[in-house]
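Note that the chains are named A, B and C in the order they appear, and that numbering of residues resets to 1 at the start of each chain.
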Amino acid sequence: MVDTGLRCRIFCSAEGAGLMVRDMLRESRFLVKDRGALFWLLLAFILSIISVAFGIAEVRDQQRTIAELVQEDRADRANALEGQEDWGGAAYYAFHLTYAPPSEFAFAALGQRDSSPWKHRVRMLALEGQIHEADTRNADFGLVGRFDFAFLAASVAPLLLILLLYDLRAAERTARRHDLLLATAGSSKSLWLPRALIRVMALFFLLLIPLWVASAVEGASLGVMIQASVVLLGTLLIWWLIIELISRIDASSSVLLTALVGLWLALAIVIPALSKAAIETRQPLPKGGEILLLQRETVNDAWDMPKEATMSAFLEEHPEWNAHATIEQPFEWKWYYAFQQLGDMKAEPLVAQYRSARLARDHEAGVFAFLSPTSFVERSFEKLAGTDAASMIAYEESVRDFHAQLRAFHYPKLFKDEPFDRDLLEGLPAYDP
Amino acid sequence: MTSPLEARSLSLNREGNAVLNGVSFAVAEGEVFALLGGNGAGKSSTLLAFLGFLEPSGGEILVNGKSVADDIAAARSAIAYLPEAAALYGHMTAYENLNYFLDLAGKSVKKADYDDALNRVALPREARSRRLQSYSKGMRQKTAIALALLRETPILLLDEPTSGLDPVAIDEFHDLVKDLAGAGQTILMVTHDVYGACQVADRVGLLRRGQLVGSFAAENGERIDTETVHAAFAERETT
Amino acid sequence: MNMMLRIAKEEWRLWLRSKVIVVATLIVAVLLAVTSVLTVNRVASEQSQRLAQQVAAEATFFAQPDRHPHRMVHYGHYAFRPPPPLAAFEPGVDAVTGQSIFLEGHRQNTPMFADTKAAADLGGFASLNPANLYQLLLPLLLIVLGHALLLRERESGTLAVMLAQGQSGVSLAMGKALALLAVIAIFMLPLIAVSIHSVVQGENGLAAVSLVGGYFLYLCVWGAIVLAASIILKHRAVSLGALIFIWLFAALIVPRFAINASSAAIDAPGKIESDLVMLAEQRKLGDGHNAADPAFQRLQKEVLEQYDVEKVEDLPINWRGVVASYSEAELTDLLNGYAENRMEQEANQSGLFNLFGLASPTIAIGSVSRTLAGTDLSTHHRFLRESEALRFDFVQSLNEVHAKELAYEDDLNRSSDPEAERRTRVNSEAWRVLDEFRFTPDSASDRVDRASFAFGMLLSWLILACGVAFFAARRVRV
C-alpha cells in the first residue's frame, strides 16, 4: 500500500491542533472499549503500584535499621568505653557506625545498595581490614534482583508497550478493516498517530501516577520527580519509535511481535551483557584480596620488625610527631596504631587502583548505556536515587574521611601522652552522612 | 463538465504483476457504473486506485477532475467506500461503530440520523445496540452500508456490495442504490454478479485480464438486458 | 504413530521455510554456543586459580618464622571456594557471594570482594551464562516456534479437513508436540556437551544427568504451555501475546516479586545488627587477651582445683593459654549461634522464594539448577560452616601450643621484657597444626535429594500443562 502525497494537514496550523484534539478524543473513546489494551494498561498500573510499594517498604526498613543501629551503636560505644583506662584501649574498643541513608527517591531504584555495603562499624585499626566487609545479604537475592520501579520502567514497560502497539496496523489488516479505516480517515496520520499516542500516554501516566504519589509521600524533590518523568517518557518514546519503524514492515502480527521481542531481548539483555563483558575485560580490577593480604602482612610483619623502622616509615607521613615517636616498651599503643596506619599506607596504591578501576568501569558503563535504552534508564534512575556506583564509592570515601578524623582525634593524645580523661571522649568525631 | 470519477489509460501493478492495463472510463454525476469481471480481473484494485491506496503504473486517475496522486486526502473525503465483506469492529455496537467511523471521517452526525440510515438499510432496531460480533454477515454489511450513507459523500465506491445479503435484502439494496443515484450521488460498483449489475447500473463495463473489453448502457429507460451481458461475460471468460 | 510423525514432519518443513524462525533459531543457537564456551573457559581458569591460591595460602602459613603462637592466631589463614565443575553451566551464587574468606582468631569474617560489587553497572540482568539462556531465552524461542502450532490449521481451514478425515484432535496435538519435542531435544545438546565436559572434570554422573533431566523437564513444561495455548486460542496474534505475557510473568515478574516478598516476610538481620547484639554478650564473656578479666574467675577456680594448686603461677600449664582457649571456645559458640541463626533465616527466605516455583517454573528450574550444580545458597552456607570449623581448629590448636609450651611468667612479661619475649617464640614446626582445606561440592545424591522438591514442582507443572493441552485437544472442534 502506498500513502504518497499525504499532506501535512496536521500540526501545521491552529486548525491542525484542533483536529489533533478531536482525533485524540475519538481514539481515547476507542481505547476505553479495547479490552486487550485495557488489560495491559491495568497490568502496568498494578505493577507500578507494587514496585513503588515494595521500594518504600525496603527503604523504610533500611531507615529503621539505621535508626536502631544509631541507638545501639551509641549504647555499645558507651558500654565499651566504660572501664577503659588509656587512650589506646579506648580507641581499640570503640566502634563507630557509618552509614549511607537511602535518599528520598531510593525507593524507585535500590540499585547498588543491594550489592555494595552501605553501613559499616569501624574503629581505629587499619581501615582496609574493615571497609571491605560486606554486610551479608541473602545470596539468592542478589542473583535475581529486585522488582523496583527502575526495573519496571527499563525492562518491563517496553515489553508492555510492544504488546500494546505491535499489531495496531497488522490487526486491522487481518480483520480487513485497514482500507476502510484509511479511506474514511483520509490520511494515515490522523488515524495511527493518535491511536498509538493515546496508548503511549496512557501507559506513561499509569506508570507515573504511583511514582508521583510515592515520591510525594517520601518527600522526593520536584526536580528529581520531573527528571524521572522525563526519563520514563523518553524511553517510552524511543521504544515507540522502534515499534513504529518495525511495524511499518508489511508482515503478519506474529512476525512483527517476534521481531520486536527479539529486538527487546537484544537491547535489554544481550547488549548490556556484551557491554559488561567488554568493559570488564578492558578495565581489569586488581584482586581485592590482594589489598587485604598486603595490609595484613604489613601489620603482622610489624610485630617482628624493629620498632624504629616502623616509626620512621610512619613519620614520613606524619612528620609532626617526630619529637614524640620513640618507643621504649615492647608494647606501646602509639607504635601499635602507627603500624596499623602503615598497613593502610602500604595498601594505598592498590586501593587507589581498585577505586579508579571501579570508577572507570562505571564511566564506561555510562557510555555503553547509550547502546541500550534499558541500561540507560536503570542507570539514570540509580543516579537520581543516589544508588549508583559513584554514590556508593562516595560513601566509601566518606568512611575513609571519617576514619582519618578518628586518627586526627586520637594521635595528639597518644603521641603527647596526654593523661586519660573520659570527659574528652565526648569530643570524639561523630559520623555525619 | 468534469466527471466525478475518471480513469485515463489506467495501468496498475500489484506485487510485480500487471492487474490493469490501459483502462479508460468515466462515471458521470448521478450515474451508476458497474465494473463486471471474474476473479482477478482487477476490479477491487481499480477501487483501491481511486482511494489512493495503489499508485498507477501508467495513465492517470482523477476524482472530481483532480489527480488522486496530488491530493489523496481530498479524494478520500469525497468518497465513501464499502469494501468487500466490510468488517467493522466486533466489540462495538452498530451505533458505536457508526460513531467511531464518522468521527474518523470528521463528520458530526445526530443520533436520530443514525436511526434513519439504519432504517434505510433495514437493520433490525433491536440489534442496533448489540455488539457486531453477534451479527450475521448480512447485518454487518447493512451496518457498513449505513455508514456509507451517513458519510453523505458525492461519490460511492462499492466492492461486491451484495455478497452475504439474502435475496430480499439484495432487492432492497438495489432500490437504495437507485435512490441514491437519483439524488445525484455518483456510484462505481464492482461485482461478478451479472444480474445485480444489470439491475442497478446505468452502464456496465466488462473487465477481463486487466482490460475493458465491453460496455453496455441502459437505453430508453429500459434496464440493461441481462441475457446479452451474461452471454458476453460467459463467452469472454471461456475464450 | 505414523500419522503423528507425518504431522511433525510437516511442521518441521514449515519451520525450515520460515525465515523468521530459522534466523531466530540460529541466533539463539550461536548465543548459546558462544556463552557456553566462554563460561566453561572462565570457570576452568577460576577453578585452577583458586586451588592455587588455597595451596599458596597454606604454604605461606607454614613458612611463617618462629613467633608467639597467638601472633599466628591473628596472622590468620584463607579459605577459598573453587567453583564446582557444573558451575561452567550454572555459576549460581558464586558471583554474588565472593569466594574467599579470611580466617583469624576471635572473629568470623564474611567472604569479601564479590564480583558484583565492582561490576560495571548496566542495569537489571546484565550477565549471560548458559543457565540464564536456558531459563529465559529458550522458552521464548519455543513460543515463537509453537504459538500457532494447532491454530494455524484452524486459520487455514485445514483443521476441518483433517478432523473430517477422522483424525482426532489428540493425535493431531501429539504430532505437533512431537515436532516441538524434537526442537527441545536438539537444544539440549549444548547442555549435554557441558555436562559431559563436567563429568570429565570429575563431576558425578548422577548430578550431570539430573541437571540435563531437569532442564529437559523445564523446556517440556514450556512446550506443553505453548501447545495448550495454540489449541485453546483462536488467533495467532492473541496466542503469541498471551504466551509472551506468561513468559513475562514467569521469567521476569514473579521471580523479582518473590524476592521482594520473601525479604519482606522474613527479616534476616544484617551482620552489623547481630554483631552489635553479640558484642554486648561478648563483653560479658570477657576479653580472652586479658586473663585478669573478672569474667574468668570461675574458670580460674575450676582449673586451680583440677590441678590442685593455689595460684595460677603454680599451674603446670600456661594460664593465659588456657584463658585464650576457653574464651575462643565460648566466643565461637556465641558467634556460631548468631551465624547459624542468620543462615537459618536466609535459608527460610530462600525456601519461601523457592515456593514461588509453584507460580513460575522458572523459579523451580533455577533452584534445581543451582542445587545440582552445587552453586546454591546451602552449598555456600556449608562453605561458611566448613571454613569456620577450619578456623576454630587451627586457632584452638595454636591455643593449645600457647597453653602447653609457654611459661606463664614469660608470657606475662613479654611486653616489658625482651628476653621473656624471645622465650615465648615457638618453633615454626608448630604451624603444621593447620589442616589442609579443599572445599568440594556435596555428594551427588545429597544434591539430588535437596533438589527433589523443586523437581516435584517442575513435574507438577508438566502434568498440569500437559493435562490442559490434552483436554483442550480432546475438545477440538472446527
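The working rule: contacts are C-beta pairs under 8 Å (C-beta built on N, C-alpha and C of every residue); 3 or more make two chains touch, one makes a residue touch a chain.
Small disclaimer: the values here were computed from a predicted structure and weren't measured.
**Student:** Measuring between mean CA coordinates, which chain is farthest from subunit C?
**Tutor:** Using the mean of the C-alpha atoms as each chain's centre, the farthest one from subunit C is B.
**Student:** Comparing chain centres built from Cα atoms against the global Cα centre, which chain wins on proximity?
**Tutor:** A
**Student:** Take the average of all CA coordinates in subunit A, do the same for subunit C, and state the distance between these two points in whole angstrom.
**Tutor:** 25
**Student:** When the C-alpha atoms of subunit A and subunit B are each averaged to a single point, how far apart are the two points in Å?
**Tutor:** Centre separation, subunit A to subunit B: 62 Å.
**Student:** Taking each chain's centre as its mean C-alpha position, how far apart are subunit B and subunit C in Å?
**Tutor:** A distance of 69 Å separates the two centres.
**Student:** Which residues of subunit B touch subunit A in the complex?
**Tutor:** So the residues of subunit B touching subunit A come out as 48, 51-55, 68-73, 76-77, 79, 81, 83, 85-89, 91-92, 96, 100-101, 103-106, 144, 151.
**Student:** Can you name the residues of subunit A that touch subunit B in the complex?
**Tutor:** Spelled out, the residues of subunit A in touch with subunit B are 1-7, 9, 19, 22, 26, 29-30, 33-35, 175-177, 179-187, 190-191.
**Student:** Within the complex, which stretch of subunit A touches subunit C?
**Tutor:** Counting only subunit A, the residues touching subunit C are 36, 47, 50, 54, 57-58, 61, 65, 68-69, 72-73, 76, 79-80, 95, 97, 111-112, 115-116, 119-121, 132-147, 150-151, 154-156, 159, 163, 167, 170-171, 174, 252-255, 257-259, 261-262, 265, 268-270, 272-277, 279-280, 283, 285, 287-289, 292, 296, 300, 303-304, 329-331, 354, 357-358, 361-362, 364-365, 368-369, 372, 374-375, 377-379, 382, 388-389.
**Student:** In the complex of these two chains, what residues of subunit C are touching subunit A?
**Tutor:** Those residues of subunit C that touch subunit A are 20, 24, 27, 31, 38, 53, 65, 67, 71, 74-76, 78, 92-93, 96-98, 100, 102, 109-114, 116-128, 136-137, 140, 144, 147-148, 235-238, 240-241, 244-245, 248, 252-253, 255-260, 263-264, 267-268, 270-273, 275-277, 279-280, 283, 342, 346, 349-350, 353, 366, 376-377, 380, 414-418, 421.
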